[in-house]
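Below, each structure is written out as structure tokens.
You will see chain A twice below: alongside chain B first, and alongside chain C after that.
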Partner chain A sequence: MVKTIFEDIKNSIKGIEINEVSYAERGYHLAVEATKGNLLNIIGLLDKKRFYIADMCCVDYVEYLEIVYLFNNHSSLCRIKVSLKVDPERPVAPTISHIYTMAHWYEREIHEFFGVYFEGHDKLIYLFLHDGIDFYPLRKQRVSVPAEDLKLLNSFKPREEEDTFFVNLGPQHPSTHGVLRVVIKMDGEYVISADPVLGYLHRMHEKMAENRTYQQFLPNPARMDYPGALMFNLAHVAAVEKLCGIEVPERAQYIRTITCELNRVASHLLWIGAFLADLGGLTPFLYAFDDRENILDILEAVTGSRLTYCYFRFGGLYNDVDDNFVSETKKFVKRMRERLIMYDKLITKNVIFINRVKGIGTIKQDMVPKYGCSGPTIRSTGIPFDMRTHEPYAAYDKIDFEIPTGTVGDNMDRYTVRLSEMAICLDIIEKAIAKLPSGPINAEKVPKKLKPPKGDIYHAVESTRGETGVYIVSDESDKPYRMRWRVPSFSNLMTFPALAKGSLIADAIATMGSFDLVIPEIDR
Partner chain B sequence: MNELKCIISIIGEETTRAVIGLVGVMILVVVNALILTWAERKVAGHMQRRIAAKEVGPFGLIQPIADSLKLLCKELITPHHVERPLFYLAPTLIFLPVLVSFVVIPFDAYLQVKDINVGILVILAFSSLSVLSILIAGWGSNNKYSLIGSIRSVAQNIAYEIPLLLSLLPIIIIAQSFSLRDIVEAQKGLWFVVYQPFAFLIFFTASVAETNRTPFDLPEAESELVAGFHTEYSGMRFALFFLAEYTNIFIVSAIATTFFLGGYNGPILPGIIWFFIKTYFLVFVILWMRWTFPRVRFDQLLNLSWKILIPVALVNLIVTGGILKL
Partner chain C sequence: MGKGGFHLETKDPIIKFAVLDKILNLAKANSLWPMTFGLACCAIEMMSTAMARFDIDRFGAGIFRATPRQSDLMIVSGTVTKKMAPLLVTLYEQMPGPKWVIAMGNCAISGGPFAFEGQYNLVEGVDLLVPVDVYVPGCPPRPEGLLEGLMKLEEKITGSRRFPTPEQKW
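Here is the complex of A and B:
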């Protein structure tokens, strides 16, 4: 795959700078240096080859701004980094939002944090910073926002037309699970258009990372994704380990796998409760919390916290698991298997539930690469794409497991995929515990002050909601030069405007619930 | 005793009956609401493997009183953008039709405020009025969520009035009377639920929809419309909506008992006890449904009424009429 796409790009675009790089060191296979002239050709070619947009970010190297486009393929692993250098004085780049829909929001994000203008972008207004800020926060030097751009703050003014009205779903609304606001234009009970408004939980974790050492940033990822904190923790730790070349002992890898899977089950349980509450059934919420409580107790004993874990360390773990953890986990797995049957009886076979979710909010397979959806959202469409098998990390390559997929990609499929994923998580936990080796849990010789070599790296893990990637640029200091988080909920959420169009408000809310949105993760 | 008779003779027997009846009904309404708030919390709690209220009084029995005291003490907030007359009128208006319905329900053989010979028509006519006050509440609140909620409520109530009436007509044909007392007396032998199982199911489904309870609680669907038509209400005005809802649940259960489950008929125990046992059993079923089922969608709700319940009820009515004619 890597070879063919390398040849394809080289042959079809003349004078292109394309290099194969060491995947083990960089986390991507090909580095393409684009210019403003040939960027759209490259992106168009990748679109034709059905590459999906993994991430898009910007790095300020002071002499120039580099816009980084990360692509990958669902069928076989082939990560491509396309970079475009722009002038920091007058940063202008062509938009790719007409090719990849998701780029629309990534470009808005880059625009407000770096001041890059995207030519041809139809709605370059602020996405996160509604309170107003008069400089570009992620630039290394202070650059003031031009006066005419400041007007773009809060420039969203809904205009009511005849027979339609606007409803602000959120930021305080029972069904938005946090502080997401969706401006919905409605005609009676039907949704005409939906526009997510983000930024109510924006805490600028990416800027925080630039001001902290790698160790100091350890607790932050858990605050982005509170129900699946361990997996975000792992994404950060594993990326830094890859960057520094730290070998993690096998026992630590297995424990990472077990705890992550426990956390995934807990997160899915929370989702099932919240999803059913969206549909009006309140009892499953309490049932799910009952089971989740067991997991939290188990994890509390080893990690020391119940929600926002900070358990993994560079090269290993905070502390080792004991026999009690193993026996409690085994007990939980046994109990949870019975409970899954109960959930099946209580929810899956309920006629009202089936009527509410079947055929609603269908994501088509060809929509997926345009948005870069991942996690259960993509698996529901029938694509068996899971970072655990696609790009194995921790001990996932030593354990056999299936990837459950749906068929049509509607809300029902997203529900069944998550339910069967829980069963598979239990299998993984059981197999990993059986194989759990003895030995040290921390790598030897991890320096107190991590100073990774110069360069960049992209590392992704499968969090509960999908591909969670970290793109780190290191400048040999003990703090990251730039740390970018690719979060799955962001790209999953942005399919919502397309799915909600023309549906009933009740269905739109069911669809929004089915994505398992975690707002702090989107807002970062 | 003589003095009492004297007073009665002065103000007239009918008026005395009405005054006593009204006071009795008021007490019943309040006590029923207290019992149901407690029961709903307890049923919900035990279905969700919680203990529910237990701190205030034994088994938390005093909890509803504490709750109502709290609601009484709360400030009545009137948002500045509401239509004041309508906003104030709605909570009061929702309560009146509910009270009237109690007049004709026979609690025991001789315990009825007034046996009107068109009793069932009185109940149906007045219960249709409650939708008006929901509409007033939704419109007067001047809030988009409230408006959508009340529009849903109107569509829902109109759709479910029809199967409600159609499912009661076969009973009237069998008993050959509109009077509730006569209908109960006609069930001395076998309950009408045996003759009319379909009518019972249709009536029960439609009455759950009429009371806006899950799975048909669309006018107040909290995950979609925050709180529906009573989003803007607080304090005692909010409590009145709740009181009306619980009284409505009681009334539909009482009507179902009267029409299908033999009313106060039953062995050994006095009639009034049987009446309350049957009624509260149906109330429990309604609570049970609420804590088990998710909510249906709006179009599914209307389809259920127009495409399934009404045709089945019509066929049932024709078949019943045909059999009786033969």
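Here is the complex of A and C:
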């Protein structure tokens, strides 16, 4: 795959700078240096080959700004980094939002944090930041926002139109799972357009990363995605390990796998409760929390916290697991299998539930690459795409498991995929515990002060909601030069305006609930 | 408190009904209705507190209302950003009095882990926006911590503690 794409790009676009790079060191296969002239040709070619947009970010190198586009393919692993250099004085780049819909939001994000203008973008208004900020936060030097741009802040202005009205869903609303605001234009009960407004919980994680050493940043990822904290913790740790070339002992890899899967079950349980509560049934919420507390008990004993875990360290773990952990986990797996049957009886065959979710919020397969959505959202459409098998990390390559998929891609499928995923998580835990080797849990000779070699790296893991990637640029100091988080909920939420259009507002709420949104993760 | 935070002065009412006040306060303390107002990570612990194991309903505070107009307790559970600040104040103002605020978690108390030099989007402590009655530290606080905060609030309202103070072991 990599070879053919390499040849294709080289042959079809004249004078292109394309290099094959070491995947083990960089986390991507091909690095393409685009110019303003040929960027659209390259992106168009990747679109034709059905590549999906994994991430898009900007790095400020002071002499120039570099816009990084990351692409990957669902069928076989082939990560491509396309970079475009722009002038920091007058940063202008062509938009790709007409090819990849998801770029619409990424470009808005880059515009507000770096001040890059995208030519041809139809709605370059602020997405995250608050009223009153007058500089670009992620630029290395202080650059003020031009006066005409300041007017774009908080630019939602409802206009009177016949027979339509606006509903502000959120930021304080029980079914937005946090502080998401969606401006919905409605005609009676029907949604005409939905426009999410983000940034009510923008906690500056990416800015913080530039002010912290790699070790000091360890507690942060858990606060980005609190229901699935260990997976985010792992994404950060594994990316830095890959960048520094630290080998992790096998026992630590297995323990990482087991604890991550326990965390995934806990997160899915929370989702089932919240989703059903959105639909009007509060009972499953109480059942789910009962099971969830059992997992928290197991994890608390080894990690030391209930929710925002900071358990993994560079090269290993904070704490070894004991026999008690193993026996408790086995007991839990047995209990949870019985409970899953109960959930199936309680929810899946309930007529009211089926009528509320079946055939609603359908994601079609050809939408997927344009939006770059991942996790259960993409698996529900029938694409068996999972980072755990697609790009194995920890001990997932040593354990056999199947990927549950849906068929239609509606809310019902997203529910069934998650339910069967829980059963598979339990299988993985059981198999990993049976194979758990003995030995050290920490790599030898990990320096106290990590100073990774110069360069960039992209590493992705499968968190509860999908592909969670970290893009780190290192400049040989003990702090990251730039750390970019590719978060799954951001691209999953992008599909919401398209799915909600034309549906009843109650159905739109069901669709939003089915994505399992975590707002701090979207806002970062 | 410093930094120009709120200082709420409670003035004694002109007419006092000693016994009636006591009964009313007892009633208020034992039926606090919190608002469903989850901001960040702490909201999950707040939900855990409301669920079966910790069961906030034992103290009469289990009726989470989705609208500020029906609630008298605001649990600020998470980070308050500059974009969220005006909305938080609006929500507080919509609550009918008497009303109380619990700042749950380090972010709501002082900005917590996100207060660093050069930050551009954080309100460092919710007490800069609304008066706070009880602070519950932790990142996030355990559900037991929130329950203890609730009992502190009850103590503030009635003047006496519901349960004897746990024995200090250190």
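By definition in this document, the second predicted complex is superposed on the first by the 524 of 524 C-alpha atoms of A that agree within 3 Å, B and C clash if a C-alpha of one lies under 4 Å from a C-alpha of the other, contacts with A are read in each partner's own complex, and residues count from 1 in each chain.
The definition used in the following text is that contacts are C-beta pairs under 8 Å (C-beta built on N, C-alpha and C of every residue); 3 or more make two chains touch, one makes a residue touch a chain.
Predicted model only: the values in this text are computed from it and were never measured.
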- Taking chain A as the common reference for superposition, should the pair chain B and chain C be classed as clashing or as fitting? fit
- Message: So in the superposed three-chain picture, is A:Y117 touching just chain B, just chain C, both, or none of them (first/second/both/neither)?
- Response: neither
- Message: Once both structures sit on chain A, report the angle chain B, chain A, chain C from C-alpha centres, rounded to the nearest 10 degrees.
- Response: 50
- Message: A:L504 in the overlay: touching chain B, chain C, both, or neither? Say first, second, both or neither.
- Response: first
- Between chain B (first) and chain C (second), which does A:Y23 come into contact with in this model arrangement: first, second, both, or neither? neither
- Item | Which superposed partner A:N355 touches (first chain B, second chain C, both, neither) | first
- Partner chain(s) touched by A:P227 [first = chain B, second = chain C, both, neither]: second
- In this superposition, the partner of chain A with more touched residues, chain B or chain C, is C
- Message: With both complexes superposed on chain A, which partner does A:L286 reach: first (chain B), second (chain C), both or neither?
- Response: both
- Which of chain B and chain C A:Y190 touches, first, second, both or neither: neither
- Query: So, A:F165: does it touch chain B (first), chain C (second), both, or neither?
  - Reply: first
- So, A:F401: does it touch chain B (first), chain C (second), both, or neither? neither
- Item | Nearest-approach distance, in Å, of chain C Cα atoms to those of chain B in the combined model | 5
- Item | Intersection of the chain A residues that touch chain B with those that touch chain C | 173-174, 286, 290
- For the complex, which residues does chain C have touching chain A? 35-41, 43-45, 47-48, 51-53, 66, 68, 78-79, 81-84, 87, 91, 113-114, 116-122, 139-140, 142
- chain C contact footprint on chain A (complex, rising order): 129-133, 135, 137, 171-174, 177-179, 199-204, 207-208, 211, 219-220, 223, 226-227, 270, 285-286, 289-290, 292-293, 306-308, 519-520
- Given the complex, residues on chain B that touch chain A span 44, 47-50, 144-145, 148, 152, 214-215, 217, 221-224, 226, 291-300
- Mind pulling up the chain A residues that touch chain B in the complex? 165, 167, 173-175, 189, 276-283, 286-287, 290, 350, 352-353, 355-356, 504-507, 509
